[in-house]
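Two complexes follow with subunit A in common, the first pairing it with subunit B and the second with subunit C.
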Partner chain A sequence: MTPRYVRAYGLAVSAALIVAAAAFVRYRNQSFEHRELERARVAVSAVATGSTPLGHTVAWGVVAPPEATPRYPFLPRRRLASGRVLGGPSAAPGDKLLYDAAARTEKSGPFIEFADDLVIATARCASGTAVAVSRPPAGPEPVPYLVLIGLVGLGAAIAAAGARRGGNAASAGLVVGAGGLAIPAAVWSGPIAAGLVMSAVVSVAWAEQRGWLDRAGAALVRNRVAYSYMAPAGAAMLLLVAVPFAMGLVLGFYDHHAGTWRFVGLRNFIDILSGGGHSFADPLNFWFTLGVTVAWTGLNVALHVAIGVALALVLRQPWLRLRGVYRTLLIVPWAIPNYITALIWAGMFQREYGAVNLLLGHLGLDKVSWFSSWATAFAANVTTNTWLGFPFMMVVALGALESIPRDMYEAAEVDGARAWQRLRYITLPHLAPALLPAIALGSIWTFNMFNVIYLVSDGRPGGSTDILVTEAYRWAFERGERYGMAAAYATLIFVVLLLWTGFGARLRRGRSE
Partner chain B sequence: MTAAPVLIASLAVASVVAPGCARPDRDETVVLWHSYTGAEKDALVEALQQLNAAKTLPPVELVAVPYDVFADKITNAIPNGNGPDLMIFAHDRIGDWHRAHLIEPIEYFVDEALADRFAREAVAAMAYDGSLFGLPLAVKSVALFYRTDLIDVPPTTTDEMVALGRARTNRRAGAYGLVYDNVDLYGHAPWLHGFGGKVFADDGSLTIATAEAEAALSFARQLASADGIVPPESSGTMIATLFNEGKVAMAISGPWFLADIRDQVPWSVTTLPVVSDTGRPAAPFLGAEGVLMSARARDKARAFQVMAAMTSDASAVLRARRARQVVPNRAAHEVEDLRADPVMAAFRRQLERAVVMPATPAMRLVWTPYKTALQRVIERGEDPSAALAATQREVQSYLRHAGEAAR
Partner chain C sequence: VNRTRPQRWLVAATYALVTVVTAATLYPVALVLKKAFEPGRDFALSPSPIPRAFTADNVLQLISARSGSGDLLFVRQALNSALVALITTAIAVTLACSAAYALSRYRFPGRQSGLASFLIVQMFPAVLLLMPLYVVLDRLRLLNSLAGLILVYSTTAVPFCVWSLKAYFDSLPRALEDAARIDGASHRDIFFRIVLPLARPGIAVTALFSFMTAWNEFILASTFMTDELSYTLPVLLKSYIGEYNAHWGLFAAGAVLTSIPVMALFYFLQRYLVGGLTAGSVKA
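Then we have the complex of A and B:
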């Protein structure tokens, strides 16, 4: 058996082993559960008929119907049919299982289920509720290592025999050798597991025959330094970006309620996109929120760019003294964590003591209730985010301005171009390539600027200044933990941003051509 | 009854419920999570130190968990087996936590004699779906704080309250009669109940859009209107600032407000007035804070011993003295110095006119939509009936989803 076939067999048998092991664990847990629940059922029917349960029953009894405590309806007294009282401040904790199981049966019917390492079964009978608590004797079956090792060894021999003859026999040996694991998988978990084993093995054999394994292996060896450098970042990206992203996508098709998940297909998306029965003027309608979000993003980015570029142009003037100081000061809003800035602005827009209203008061104007109407609340949000956003655009513009060759301005001056013409035909065209990616990035940040909306207006008045990402938050944490809806919102936000960046990329390509 | 017999009585109770526990080791420790700070924390620590010193109880390990992450930590930690044995929290999560199998029913351990230790509403607040899930440590509701330099006799009816408030209100000067958290259901609840409204009917159906609720909302809008007595956007820290600066004569807030009042401010506290239109007292929500047991508590009998000892009369008296907690223990109300304390007396009287905050999961869906209605009506002057109808529709849609999902 050549090293090639050792490699291929190793790969195929590992994939097959993973599937087979999963199939075994599933089979083992199911059969264990089934067996123990059945034993508990037998035990509780024994208790109900008044005989002593066999096997591993550790506590049992028939609990008589509860006696009401007149003043405290939630403190019913329960006793066994034999007369022993259950419970009380100094009662033994062992009876608690019987008491609670009887209480639950009275409320919602008999049940049989696992509780940690015990199985509790209840049944109704003539004199009350029969309860049997069993402790399963041992855990589930152990992994059949010998079977697996034997199959792997036998498979290796078959694969080696095939490899000696070469050609198609080698592939056949590989499929038969590693595919042997499909037999126990079929026994444990049915045809699906066997199919998975076979398809894994066949695809490895196929890849081997086409020479893909060789090529992939060679590339891995040739670029091993590069791959080893990439591995940590790759693993981190997979773990921190790809996995949560995939989970988020999947959760959008589920519905969450009180800890249980239910597959609902596209219902979340249909609910959201149809507006959920709310009119377009209602802040609970997706399209209203989307409109607010787009207006919010557009206005913010426009202001960021306008203020940032204007300041950059001023800071670039040679006659300006202390340029370094101004530049540092103007970057400060960007350097402070944005939720702190948002909280400060929220305080400044406060009606009674806020700095903004005090200033208006000094100017002889009336106080404004900033968060009582949509326009003023939106304006407060935009003001805060503009304060946070312009330094980034300014820094980008400053960098781009530095890279414009001076001699172009000199040539333009020689040709008699005025200041406005120099700005229009030299400065702005040179700024555009640097600004467009910054605008794309800035619009994504603004689109998802949770902190400002949540901390400044908090959606006031009546949720009308919420944007998509705060709306997703509210579905998750304020409307009964509808995580599925929140995930669907997140997916829709992703789609909108994907369309927007695609459009932005086309815009950039169009400009550069 | 004075303090001494109470102490003896509670020690007797403790000795009954706590059989000897000679050598405490790590496994016997009962872990308790709480989010108390300041005086409440000091009082809790002191009470537990006394219990630990008595050596009749398992040792208790206190873990402070910040309030704002408490619920999330509980929902994550308990199913993974990293949670506490006991936790101190408000009663309104009991429904949710019970449904998620996070907390343990304890009626097995509790008899009538033990329940009689507490005021009825307080222990009833710890019950849900016919089971008991905790023992109450403190009860909290809002009451009427007023500045004695601005108001001689506190109002007993809302008409008096408005008249007194008008006299103190001067919008130009930024002076107002009354301040309370008016765009939050918790702050609005006294009027809602005072006008005869409710969030849920006794059969559990939603009763948000009713004539009574509209009347309460109209009243709140009137209070905050241009010729009203309540400043716009009055919430949170604003309440304390206005009150401390004497810019407002009355404030509706709870026991937590005591820590915010500055030393030199002359103040007192009394019960909320009777609603003049209906003759019913304005009734705030009653929140009970209690000690609950984790469904995964390692030794439930031992954990219960700690619960019982923590809520004993002696411990309650200590917490009431040190932290001015309004404790639900009947015996503590009879202790001389606590009975004489006007603040404690006012809150106790208010609790008799309070409505236990529903502990159902459905209630948690109400807060935000109701806030929307309050904002629309009070801040934007919209029509109460339309706003409440919209809120009722919104909550109904969430409840419908919950009902479908449960099926």
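Then we have the complex of A and C:
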């Protein structure tokens, strides 16, 4: 047996063990819940018939309907069948649980469920509501280490036997040996878990046979220094980004409602992409929001570039005094934290005491309710974002203009080129390569500009100025925790951005070739 | 651009234009400065940027506000902000230094996809990861804790630092490392004794940017933090201008106090910023 097979078997068994362990945990939690709920049901029916419940019941009793108290008629009290009043100065610790469970049962029927580490069960009976609160013993079934160790050892022997014969027998030994773990997985969690185990094992055997494992192992050894430098950041990104990202993708297939998750397949995506029954002019329609987002991004970037380049062309004139001062003052908007900028402009666009309306008043114009129509609200957002974004383009353009050799202009002038010809044939062609990456970056910033939309117009009127990112946020945190919809939305945003950056990269490559 | 001065009217028009644009740009800033030192809760009673009365009440009230349990709120929240930003930066820079070095100096399978994924993560909106992280932090009982916020900020800070430091390492000459290698220095010695000391300016700039980003972050903080004592400054400032009881005087005072340190940093650093930002997107 060569080290190759030790490695292949180790890999296959690790993958199989992970799946089997997950299958076991699932099985254990389910059977634990099932068993404890069943015990609670037995306990409560014992309480209802007046006998003492067995097991881990910590508080129980038949709770009578509420009765008014003489002193505080608005505070009804309840008694146990034994006559003891629930609550009060000498209350037993479980009294509040009994009281609340009885009240809930009278309102919406009997229930059996987990509440933190307790199980509460109720049932109706002749003299009121039977309630049993039990505390299941801590630590459900232990992991069956012996079974797993036995299977892994047996599998190792089979794989070793296969490896000794070599060729196809080696692969077969690997699959049979490591695939043994499919049996407990099937017992615990059914055929899907077994299938996962088998497919993991088979793909390892396949990779081994094709020599991929050899190559990967050799690469790992050859580049061990580089990989050891990468490891800390790589592990952190895996944990902090890849896991939540994968979770986000999966959550998109679930519906979250009132604290419970339910698998709904593609329904969230279908709801979003079909507009969910809303017309195209309805802000809740995905395509409407996408349209607003595209208009928002396009208009802002165009304004940033136009204003930034124009100012850069002016600021570059050598005869302009105080150029440095103007430059310093003009990048103030970039230096201010953008949430503060957004809040300032939200204040400036207020109806009564907003500076914009006060200025309009001085010019003899009427006050405008900026956030009561789409066009003015959108204009307010764009104004804010333009103010905040043009300095970046201006700085980039100034940098690019400085790198244009002056003698090109002198030569052009000698040849009799007019000012606009110099602009058209010298300045702009030199600006473009520097501006393209800045435009790509700026368009992504604007696409994702949550703060301006959320803090200035806040989607008003009626969500119509929301862009995709604010819409996704609202699904999660402002519309009854529809995490599933929010996750599906986020996935779609991811796709849109991926298409956009792919398109942008292709555009840039095309230019440079 | 010709050496001779153009016609007078053109010069005059240019000065007028630049002055008007600059004035328009500074106008909102002037209004906030005015509001910070003017009495009253409303945003503006007149559009003039010159205060009619001067008072330090807003600043004093902001700084001396106390929570129900007697803590000084502004100080506490400034400390929260600083703590979160500092620890995030420390984590991100530490993790990023070695990764950026590997990406800059070594060629290994997975390098391209590693670079691409660090870039993509940096470009995608935080809101995308917000919701799964919220669910995870809720389970881990880390909502409302500074530790949770630090974890969340690290998701964007690490890739940013990796790219920024990689660009810096790329610009360092390799001759010293090669010489050390010939003299028999180990990989670890080269990294810790030669590369890191050489990269100090780049590390400092990267750290300061990462600090600024965390200091300025609003939406994640306002979603994860619901307890007054664990607010960071952006959440506090937003809370002063709620829909029904806005106090613009306090907001303006807070905005001025919060912005001044980062604006100073920004002016100190901006010449590094443009190069770093565009370098990342050009090379991708």
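Keep in mind that, in the parts below, the second predicted complex is superposed on the first by the 320 of 513 C-alpha atoms of A that agree within 3 Å, B and C clash if a C-alpha of one lies under 4 Å from a C-alpha of the other, contacts with A are read in each partner's own complex, and residues count from 1 in each chain.
Definition applied: a contact is a pair of C-beta atoms (placed from the backbone, for glycine too) under 8 Å apart; a residue touches a chain by one contact, two chains touch by 3 or more.
Please read all numbers here as calculations on a predicted model, not as lab measurements.
When both complexes are overlaid on chain A, the residue A:418 reaches neither subunit B nor subunit C.
When both complexes are overlaid on chain A, the residue A:319 reaches subunit C alone and has no touch with subunit B. In the superposed model, A:353 lies in contact with both subunit B and subunit C.
Judged by the touch definition given at the top, the superposed model places A:69 against subunit B, while subunit C stays out of reach. Once chain A of one complex is fitted onto chain A of the other, the partner contacts of A:165 are absent, as it touches neither subunit B nor subunit C.
Here subunit B and subunit C are compared by how many residues of subunit A each touches, and C touches more. Overlap of the subunit B and subunit C interfaces on subunit A: residues 350, 352-353. Only residues 219, 222-223, 225-227, 229-230, 232-234, 236-237, 240-241, 243-245, 247-248, 251, 311, 314-320, 326, 328-341, 343-348, 350, 352-355, 358-359, 362, 387, 392, 395-396, 399, 406, 409-410, 413, 434, 437-438, 440-441, 444, 447-448, 450-451, 454-455, 469-470, 472-473, 476-477, 483, 486-487, 490, 493-494, 497-498, 501, 505 of subunit A touch subunit C when the two sit together in their complex. Against subunit B, in their complex, subunit A makes its touches with residues 69, 71-77, 86-93, 95-96, 99-100, 103, 107, 255, 257-260, 262, 276-277, 282, 284, 350-353, 369, 371-373, 460-463, 474, 478-480, 482. Residues of subunit B that touch subunit A in their complex: 16-17, 19, 96, 99-100, 105, 107-115, 120, 123-124, 127-132, 174, 231-234, 238, 241-242, 299-301, 304, 308, 361, 364-365, 367-368, 372, 375-376, 379-380, 390, 394, 397-398, 401-402, 405-406.
For subunit C in complex with subunit A, the residues that touch the partner chain are 1-3, 5-6, 11, 14-15, 17-18, 21-22, 25-29, 31-32, 42-47, 91, 94-96, 98-99, 101-103, 106, 108-109, 111, 114, 117-118, 120-121, 123-136, 151, 154-155, 158-159, 162, 187, 191, 215-216, 218-219, 223, 234, 237-238, 241, 248, 251, 255, 258-259, 262-263, 266-267, 270, 274, 277-278, 281-282, 284.
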